[in-house]
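Chain naming follows the written order as A, B, C and D, and within any one chain the residues start at number 1.
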Amino acid sequence: MTRKSDSSLTDDLLRPVFETSTKFYVTAAVLAVIVAAGFGTWFYQIYWGMGVTGDNWPVFWGLHETNFVFWIGISHAGTLISAILRIVNATWRRPVTRCAEVITAFALMIGAMFPLVHLGRPWLAWWLIPYPSERLLWPNYRSPLVWDFFAINTYLLSSLLFLALPAIPDFALIRDRTTGWRNWLYGKLSLGWQGTPRQWHRLESAMHMMALAIIPIAISVHTIVSFDFSMAVVPMWHSTIFGPYFVVGAIFSGIAALNIVMAIVRRMLHLEKYLQPIHFRNLGKLMLAMSLLWGYFVFNERLVTWYGNTPHEMAALWSTQLGRYSPMFWTMIFCNFILPFPLLTIRKLRSITATVIASCGVVIGMWLERFLIIVPSLSYKGTSYSWGTYLPRWPEIVIFGASFAAMALLYLLFSKFIPIISIWEMKVGEHSNIKVAAQVQESEAAGELV
Amino acid sequence: MDRRNFLKVGALTGASATLTSCGNPEHQMIRFIPEEEIQGGIAIWKPSVCPLCATGCGMLVRVVDGEAEVIRNGKKGLIQMGLARKLEGNPAHPISQGKLCARGQAAIQVTYHPDRIIHPLKRNGVRGSGPFQEITWDEAITILLSQIDGLAAAGSQNALAFLTKPMRGQRQTLISRFMQSYGAPPPMNFDPFGDQVLRRANAHSFGHEQLPTFDIAQSRYVISFGADFLGSWNAAVPQSAGYGEMRQGKPGHRGKFVQVEARMSQTGANADEWVPVNPGTEGVLALGMAHVIVNLKLRPGNLAALAEYTPAEVAKRTGVKTERIERLAREFAENSPAIAIIGGTPLAHTNGMFSALAVNTLNTLSGSMGKPGGISFMPQPGKDAPPGTSFNKFVTEQLASPESPVKALLLHEANPVYGSPSAWRVREALSKIPFIASFGSFIDETSILADLVLPDHSFLESWVDDVPESGAGIAVASVAPPAMRPIHQTRAMPDVLLDVSHRLAKPLQQPLPWKTYEEMLKDSFESISPGADTWNNAIANGGVWGKTGEPGVRPLVPLFPRYSEPEFDGEGVQFPFHFLPYKSQSFLDGSLAHLPWLQELPDVLSTAMWSSWVEVHTETARGLGLVQGDVVEISSTQGKIQAPVLLSPGIAPNVIAMPMGQGHETFTRFASGRGANPISILAPMAEPETGALAWAATRVRISKVDAASKLILFAGGMREHPDDHR
Amino acid sequence: MKVIKNGVHPHRGMLTLLIILGILGVVGLASGLLFESSILKGQPIAQNPPVGTTGVFTPAHSSVSLAVRHFFGWRPAAVQPIAFNHKPHLEQAQMECLYCHAGALTGPRATIPGVNSCMTCHNTIAKDKPAVQQIAEYFNRGEEIPWQRVYGWNDEAHLRFNHAPHLAASVSCGKCHGDVGSMADAKRIIDHSMNFCVTCHKEKKASIDCVTCHF
Amino acid sequence: MPHKWGMAVDLDRCTGCEACVVACHSENNIPTVGETEAARGRAMHWIRIERYWEGEFPEVQVKFRPVLCQQCDEAPCEPVCPTYASSHSEDGLNSQIYNRCIGTRYCANACGYNVRFFNFFTPSWDKPLHLQLNPDVSVREGGVMEKCTFCIQRINAGKVSAGIEQRPLLDGEIQPACVQSCTANALVFGDLADPDSTVSKLSKSPRGTKLLEELGTKPKVTYLQRGSWDDSQKR
């Protein structure tokens, strides 16, 4: 494979935006139906009350909350990773960044839905907004849920910006190639981008600042999500490592999600030329590192609890190690640790397919981890008289499924309106250095299967 | 639109626009003019008497106005009236002392029960199949009159029968006078789980055919033989109050409490020492203790009479270690005043009389009879009603003769079809009766057989009175006016009875001169204690009480009963387990299973709600491969029932126990078709002297069956983790 | 414009997609609404509502419109069955508020007087007046007059107001109900918002604890 | 002077009769959830009698323990509520403000005693059972958390009448439903701020302990442990 001309590259990457196959419509329709079902179910739940879920006394949180943490976790793929890669200026990042950032935006939106879904009276959720009310009341700033509210909104806002900024030149590109309403739309989006050196300079510096700012934000967000649990005197929740533990888990699951998405995009939009084995391999390495870190945290958490040996914590602990929740626990260990290890280390096994398989495992495993953090602790809280257990009911499961459909749908639509790979950054890459091409050749020499 | 509403709109999304179009909730219903002076929102307290069990607690009813749906001159509408909102103990009342048990407080749901009979009914279809049709009171009374007059015309007055739950006070008097003056046999009290045996034993030992009153508060040592005296037996409320005092009421003196029984009851759960014994040998243990006491010269007594009750021998029979027997005996003698209580299971064996007398002997030895901290008997003013005739005799006669000897049965709040062993074949017996009229407020297994239903007021809507049998050191006669006006088209049974008695072809004016039950009560109370405003004070305070006569106990030489071996139905190999049905803490013998609060009240030991269960010892269950919630079939020689297993460390391995109360076929939406009824499989064993049902004398076997478990436990700790539930 | 090879015409493509999604979205919400409105009409519902065996559960509001109105605090102004006029009672007859609304002094509720208390005067006074005759009709029918409450809160407010302590603290009726004497039929002229209550409580050094009113 | 309402529970007196449980249902309009929901673990009992077995047959014993909201001074349920629905009252009660509750159920998770109950559905009463409802207590709708209030309606009523009569509240004048009904007088309620009140004295008893004290929640409910007979003999 040799260097392509700008125009062919542009055409390649813009094709999805301009060409719309029937397959696309079918997929979109199917996904939309599932999402609609999700909303219908939510309405059903609002109408009758939370009783339609499996929540009970004393396990008042279940699947909805698990999904909340899970999706917020997924959201840590994009922005954080791309920010880091931008700062260390890893050139191979160029085709990856936008795929990643989009995941962040949408995963956050979906994740942020679940706190609403789990409310007993969601129509009053606006009481979390601090505004001078006639009741002379403010939100309770001591509540981690209020921290969540602010943290997530901040993160959402900044990652949307982070997504929008580098898209400006591409908007301009589309603007120049279209007429009619789309010309108008993309004209507005591109904020009068002319590609003057001054604009380029501003964009670059803006991106740098954002990249620097976004990393602490991202880390704080999932730390605060972890506070939802670690701030309560509940066995296995009241732990000091929850902050980093959650952040690592988040990035872990984030990368996994990114791998899967990239593979799908690659297949569906025929971007084999741009999303290459090297990207999967590098992300795989990163994921492997996270897997190790995560494993360390889990071991740490369990060991400390076991050594501390306080009765209620032990009850919760054993329920996950050997008790009723142990099957889930060991599945999690397998998916997050045992499965990725060979697939990502052994050279022979390494491949896109392998990475994707490992990633799927990790996503499942991380979802289980969220569940295992929430439910067993609540089951074994307080006096043994009041212990309980939890089983989800259909509305929770439907909404759970719908959230994945929503993710896919949003992603699909996005890739329809905006090139999923940052065209100008690719071009910059083309011009500035030959590294990418070099790496590509080397990877082909290594006989990577595509 | 201000900021607040703007935000709301934002929160609500466009949906609201489409939704606002939907219908208007307020619908107008006509309101009648109130029939009483009542101020909105102000609570007033009115005295009343709890009718649910034999204790007879005086209570206060909190009445606050509200709008009830009623029918006035044919029109349905709302009326503002004083409504009972809460029941509490009457602090002035010597029995309740301001307290009320869980059952008593749930009694309010009797009045407001959605399945109460709200107007007279006439059978309309096959008897027992259910369908009834609404009729007016005039029609109802006419039918009743024609039946009773019909009997009189045929000269067969003695073919009229009256069956009630155990009743006291003027209601009992009224009914018996009615029957007597009409020329019918005296009314029958249905109470298979009552304490006839103990009453008779007390007559033998102390000359009082009555349940004893225990001064637990002053006592220093209480040993109870199977009596659930803090839960469901005798005067539980005052006994609990006394228990509290015994424990912590006297600084420096914490009384000891020992419970002797084969299955740990709620009362047993509070004991300092819980002594399991072989079923039916409680009396033996008592005499064993007596032997030790006399032997050690701690009390004077005739050792010869106790010769066969040496500790060694007793240990062999009861399964209690010799040392323990000796220790208990010593403690009992050394810590006076001491009380020995017997009740419940031990009396429900064929040798119940022996056990009762044995424990009475122990009490006589202790020397605390009639003393503070001991046992006394309540004087019962105005108790002139003759004792009822035996229900069993009535049933057997019914079944014996081809032609029913009883032509008309009047039924009041007794449910023998549910409450007696199927072996008694009560349903067949009653079905033979040509005419049955029920005064009850609910359709249950018995009243569904009625041809005519004349629904009674609830106790809150009617004049109530009672003469408690035990629970206070002084004489008590309770009386109270209605706490609220009736919400349904019902009439008070006593008033109906008086009305009928006057409208009979041969009116009973002379023996029953009163127009209303109120007048009758007034007369009786002024006869009890004459005085200008006795009556007004009585209805203001909820009764009269005070020292009338001595709670005298004939001081006796201890009499030593002859031992009689308990007999059991079903031989040991085929039926390895003793079957102990016990009065449920919520439902007693099942008469309260229709109250939702009690259905959802977690049983304190099992934490079970809305279900019945069978208690099996943990080890026994392991042996049979049973785990918590497994459904088992319990079969006796008389039949089989199914119930989920509840593992319990507090029961002898050779015993299984089951609460009464569930397993109703027809008893309102809350109780019907729920759980199983242990009474149904009981063998018709009887205590020979009194003929009382020996309900603990049945042996059974259990086997696991494949059925969905309906065991609902409140304690998640037991629901989900039966092994961690300690 | 540039038409791309073997592709659907971009404009049409986009528009159709948007339309499809729009429809599906509406269907999603509508399905919920239909299911729900079928309950409002009391029709049997396809899936059994998740209620206990004792049937102890209902939706939070009898109708969605009620829910919405409660949410926004919309309450229609009271329309009285009889054109009652406070003015003559307070001005000509010189009656005290408490004469009819006696409950206020001792209890939580001020209480609207029943038809009996109307008739105590009106079986002699002003019998010719049509309104009074209407009252008499109710009285003869043995019915109460379905007066509508002017003030008050909906259930969601979980508010337990008690008149007595306010009168004891000598808060004038007018402070919260306005000058009813100058009105024909009482109108809700003062908004009993939490702000209104709390402000006064602060002035009077009364408790502003939540549980003072909400329990 | 603000009050500090507290309770002493004498485990030596408690017989496990559960009169308090029904009294509470009756006083506070607690819904009966029915068989199906009870089976799902949604039964509501603001006060419950916990039962613990000790030892093995035949030397087996039972300990009863009435558990209700401990009205903690350092309540875990309070800071976590985003809307102040669960907040500390002037009298030190953990007040639950139903109208402010949006149903996050976070407070119930944070509570170490599992004494908070959630209205999974909006309750209704088969007519005419609704006539038994206590008009002084609001009926909670679906999506709202609820818990023991120490019968706040009785406390407020007591304060009001005392205020109108311009006299201080007497010890024992205010009694929550459970305390009023307790057949063995095991429950004692009163003002901990008043050193002479019965409850203050009992709370200082050597038998006094707190439930799950290690959580550091500073409960205002004191449990007086059971004495043993032999101790009393020694005295």
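Everything that follows uses one rule, which is that a residue touches a chain if its C-beta (ideal position, glycine included) is under 8 Å from a C-beta of that chain, and two chains touch if they have at least 3 such contacts.
Predicted, not measured: the structure shown is a model, and the values here were computed from it.
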Result of counting contacting C-beta pairs for B-D and B-C, higher pair: B-D
Most centrally placed chain - per-chain CA mean versus overall CA mean: D
Chain whose mean Cα position lies farthest from chain A: B
Distance from the mean Cα position of chain C to that of chain A, given in whole angstrom: 46
Between chain D and chain B, distance of the C-alpha-averaged centres to the nearest whole Å: 29
Separation of mean Cα positions, chain D and chain A [Å, integer]: 44
Residue numbers of chain C (touch at least two other chains): 29, 33, 50, 54, 57, 59-60, 71, 108
Residue list for chain B, restricted to those that touch at least two other chains: 8, 12, 41, 596, 607, 669, 715-716, 719, 725-726
Where chain D touches two or more other chains at once, by residue number: 32-35, 37-38, 41, 43, 48, 50-52, 84, 100, 121-122, 126, 136, 142-143
Chain C residues within the chain A interface of the complex: 1-2, 4, 6-8, 10-11, 13-14, 16-17, 20-21, 24-25, 27-29, 31-33, 35-36, 49-50, 57, 59-60, 71, 193-195, 198
Chain B partner contacts - residues on chain C that touch it in the complex: 29, 33, 37, 40, 54, 61-69, 71-72, 102-103, 106-109, 111, 114-116, 139, 142-144, 146
Interface residues, chain C side, partner chain D - complex: 50-60, 108, 155-160, 162, 164-165, 168, 207, 209-212, 214-215
Touching residues (chain side chain B, partner chain A) in the complex: 3-4, 7-8, 10-12, 607, 715-721, 724-726
Partner chain C, residues of chain A touching it in the complex: 15, 18-21, 24-25, 28-29, 32-33, 35-40, 43-44, 47-49, 51-52, 123, 134-136, 177-182, 416
